[in-house]
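Shared between the two complexes below is chain A, which pairs with chain B and chain C, respectively.
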Partner chain A sequence: MNNIIYATLGLIALYLYVSFASLLWEGLDRKLVARMQRRVGPPLLQPFYDFLKLMSKESIIPKHANKFYELAPVLALAVSIALLAYTPMGFAPLFATKGDVIVFIYLLTLIGFIRVLGAISSGSPYAQIGAQREMIILVSREIPMMLGLFTILWRLNYLGVEKSFSLATFYQRNIWELGTPLALIGTFILLAVFLAWLASEIEVGFFDIPEAETEVAEGPMAEYSGRHLALFELSNALKMFVSASLVVAIFFPWGISAYIGLSGTAALIVDVLFHTFKVFVVLFISMSVFRAITGRLRITQAVQIFWLRLLPAAIIGSLILAIDLLGVIA
Partner chain B sequence: MNGRIEYWVKIPIGPIHPALEEPEKFIITLDGERIINVDVKLGYNLRGLEWIAMRRNWIQVLYLAERICGICSFSHNHTYARAVEEMAGIEVPERAEYIRVVVGELERIHSHLLNLGVVAHTIGYDTVLHLSWLAREKVMDILEDIGGNRVNYAGNMIGGVRRDITEKHKRAILDMIYYYRQEIMPKIEEIFLYDPTVEARLRDSGVIPKRIAIEYSAQGPTARGSGIKKDVRYNEKLGVYPDLGVKPVTPKEFTGVIKGDVFDRMVVRVGELWQSMEIIERALDQMPEGKIKAFPKDNMIIFKLKKAEGEGIGRYEAPRGEVIHYVRAEPGRDGPAKWKMREPTFPNLFAVARALVGEQLADVPVAIASIDPCLSCTDRVAVIDAETGKKRILTEVDLLKESIKKTKEINPNIKAKPEKIGIGRCVL
Partner chain C sequence: MEEVKANTQSQISEREILERRIAKLCKYIGRSPWVFHVNSGSCNGCDIEIIAALTPRYDAERFGVKLVGTPRHADILLVTGPITDQSLERVKLIYEQTPDPKVVIAVGACPTGGSVFYESPFTNAPLDKHIPVDVFVPGCPPRPEAILYGVVLGLEKLIKKIEGEKE
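This part shows the complex of A and B:
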């Protein structure tokens, strides 16, 4: 019983911390990109101001919207909070169990799905097109990611872990421990796939297609305003942090608490802070730099990238890892 | 076929839309992401300039012409001045023609840099937008130096120009050209000729084949991007341009192929940036000494034009294409009896609307931005009765009647009688 209470309190604390950290990153990202574009950029805390302002604004509901329109932002935020319980944050996920990776992927995809439902419910043609695009991207982007994730977890299983196919695995064994040259090659290929997937998950640069501002006027978000938009913005920020956390946990899971000899709560806090720093570094590469040096693709070109570039890359990376284990090539 | 129509969606792009710089409306019929039909609706930006002009004198209209469009403000009053000069048979001093060339080409540089940024913005490549607009500041500074203003430089006068280009200006312009050649142009070429994102998005989108470009009478970079060698400065031997060796720029000289897509139009603009710099250098080199005005005093122009009769046409290659001004004079009137302009956006807009059929929705903003639409120049009024769906084009008389009605509605105490305007059918 106590365990559940502690876990729930931990989740609430985590939610508050991640909301702060992800909004702070958005501010940092805007500032960094602005500097890359020789602009001054908004203040660092601008996303917080935006959020508070939106929360206090009236929310306009279109005449043709149905009930799900108002429900969708709440659901999206609820799902993102639930997702935090399954996200590695410098320590094993709060509710880590055997096979929780499936719940993780399910919840991550569900956020996108709820956005689509909310957009379709709004009755706006722009949102409709944005929803179509989001759906197409959704089904294309998850497959290379899932393939890579499952292969790595399967491979780590052979190194002996407590809970197989759990995201907690990464804090016991990590992919770099394999050490063989072949495994290293496979890992680097998968790292590239994951960085590209991260960019498409948070929809920047090439993949800013569903919310294309100059084409479909923010797509799924076209009709949302006020509180509803604020909730969506927050759930998007959480999703961005969670997706980056996955990449960090897979490829850069090391903590620093053990090295500086901390334990207990202090170690947890230090690990979370260090994890946040790594997340910011990954997001800097996959988000800020990527968004500064690329433009948006057409939907057909993006789908081609997923199926003709990323999927084969994921297959090759996975095969290399499998060959390394099975020892087909000595 | 009827079964499929149910899946078609009509999407309005505009009048207010993030992709558009000015109010215009495109009703796009979509089948998924594929475009079935494009319907262009104009008339959201009409200011009744032609009507206003009939109440002003010849000199005042110069300043009105400048305010037709903020970007090609020099082109419009240059063209208007040419039309009036042709009508009255005024000889322009050669130095004035050279100064017109220099300012006109400076304006072309700033307009093209602006458009390169806008096109990059519509494909979400915001870094290019910010950097190319930063580069544009340099030429804006020069224009401010010469004309005293960043946008409306008021350089032209009927029969010459109002401001001379001094040695100081000349040095500043040459410095600017050096800076652009060394720092900006290599980067711009790298982005618009070799960048993979730009190539992926701009290649094969919004293709205007040569035949359609001719049929719809496309102008400027839009026509040249489709491979038509059309440039008023070259074809009409405009002013002193033949001495400066101006030639229509086509994408063939840069990429070797002509496809008529958005990419080609941008290549033409990049080529014209190079060309404009060369022209400015030559013009500064060859510029003779002498007068800059045919008439030393402005009231002499009014006096001469009051007696003028007949009509005149001015043509000039504005950054967006050929702009034509038509003026007609009546003796005894100190202003134009009729003033009419034809802007390049009007034919280009319909050519690009035709070209969009069969392409993807994602191409609409970039294709529209690629012709550099200037709707404040283009708009005419059409009124549609919502109940019957009937369409009626309003003339000046109707507009005047409506506005008098409205004024009386707002302020019933108003006493002043509307004065006589226009000629022929336009007399109220």
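This part shows the complex of A and C:
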């Protein structure tokens, strides 16, 4: 019984911390991109102001919207909070069990799916087009990511881990421990795939297709205003942090608490802070720099990137890791 | 020489005063005025000046101003053009689609008084015959500074309204 209470309290604390950190990152990102374009840029706390303003504004519900329109933002935020319980945050996920990677991927995809449902429920043709684009990109981007993730977990399984196919395994064994040249090449290929996947998951740069404000009037969000929009923005920020957390946990899982010699709660806090720092670094590469130097692609070009570039890259990376294990090439 | 120096100094201080005024305002309206651009048959002159106000040279984003693609997200409507018969219904619709509190700014000579289309049977200027307008920014086209100043005036008016509601 106590365990459940502690886990719930931990989840609430994590939710408060991650919503603060992810909104702070959005402000930092806008500032960094502005500096890259030789502008002054908005204040660091701009996303908080945006969020508070949206919360205090009127929420209009369109005449053609159905019941799910109001439900979708709440569901999206609820799913992102549930996702936090399965996200590695510098320590093993709160509810880590055997095979929880499936739940993680399922919840991560569900956020995008709920956005699509909300957009279709709003009854606006712009939102419909945005929803179609989001659905297409959703279907395309998950496959290279899942292939890479499952290959790495499968490979780590052979190193001997406590819970197989759990996101907690990254804190026991990591992919760099393999050490062989072939494994290193495979890992670097998969790292590139994951960075591209991250950019498409948070829809920036090349992949800013569903929410193209100049073409389809903000896409799925076209009819949302006020509180509903604010909830969607928050769930998007959480999703961004969680997606980057996955990349950090797979490729850069090291904590610093063991080196400083901390233990207990202090170690957890130091690890979370260090994890946040690593997430910011990964997002800087995959979001700020990528956003500043690339423009939007057409949806067909983006789909081609996923199926003709990233998927083969993921297959090659996975095959290299498999060949390394099987010892076909000594 | 002395006069020029005094002139630049006064310019700088005026700009600083303006920035401080915006920062103070933004505390109230949530510090993030999002702008939606309504084109009601404009010749594209004012539209280019609006874009110029958002470019790195004037960098309106430092006050949290963001150009959004749908009236549902907007706080400020920038209306350009002489409101042709075709666009009249759309302008009214967009005004109704914008959630409260909102500010309407008429940019350019056309929505202010009709400009070269004065007394034309196919245009419906001035804009405030159809929807409530907070600020008129005259000019053909107005300079980007004028548009930014118009936004400041509009926000100030809105703050007065909000404060009046509270009391």
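Throughout what follows, the second predicted complex is superposed on the first by the 330 of 330 C-alpha atoms of A that agree within 3 Å, B and C clash if a C-alpha of one lies under 4 Å from a C-alpha of the other, contacts with A are read in each partner's own complex, and residues count from 1 in each chain.
Following the convention adopted for this analysis, a residue touches a chain if its C-beta (ideal position, glycine included) is under 8 Å from a C-beta of that chain, and two chains touch if they have at least 3 such contacts.
The structure displayed is predicted, hence computed values, not measured ones.
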For this session: Could you say whether A:Tyr224 touches chain B, chain C, both of them, or neither, answering first, second, both or neither?
Result: second
For this session: Answer with first, second, both or neither: which of chain B and chain C does A:Gln132 touch in the superposed model?
Result: first
Problem set entry | First, second, both or neither for A:Asn66, with chain B first and chain C second | neither
Exercise. Touching A:Thr300 in the superposition: chain B (first), chain C (second), both, neither?
Worked result: first
Problem set entry | Touched partner set for A:Tyr49, first chain B, second chain C, both or neither | second
For this session: Examine A:Thr8 and indicate which partner it touches, taking first as chain B and second as chain C; both and neither are also allowed.
Result: neither
For this session: Check the residue A:Arg38 against both partner chains and state whether it touches chain B (first), chain C (second), both, or neither.
Result: both
Exercise. A:Glu58 contacts which: chain B (first), chain C (second), both, neither?
Worked result: second
For this session: Could you list which residues of chain A make contact with chain B in one structure and with chain C in the other?
Result: 37-39, 126, 213-214, 216-217
Exercise. In the complex formed with chain A, which residues of chain B make contact?
Worked result: 9-12, 17-19, 30, 32-33, 120-128, 130-131, 134, 197-198, 200-201, 205, 360-365
Exercise. Which chain A residues qualify as touching chain B in the complex?
Worked result: 36-39, 125-126, 128-129, 132, 205-206, 208-209, 212-217, 292-301
Problem set entry | Contacting residues of chain C [partner chain A, same complex] | 26, 29-32, 56, 59, 61-64, 67-70, 72-73, 75, 97, 99-101
Problem set entry | Complex contact set, residues of chain A against chain C | 30, 34, 37-43, 46, 49-50, 52-54, 56-60, 126, 213-214, 216-218, 221-226, 229
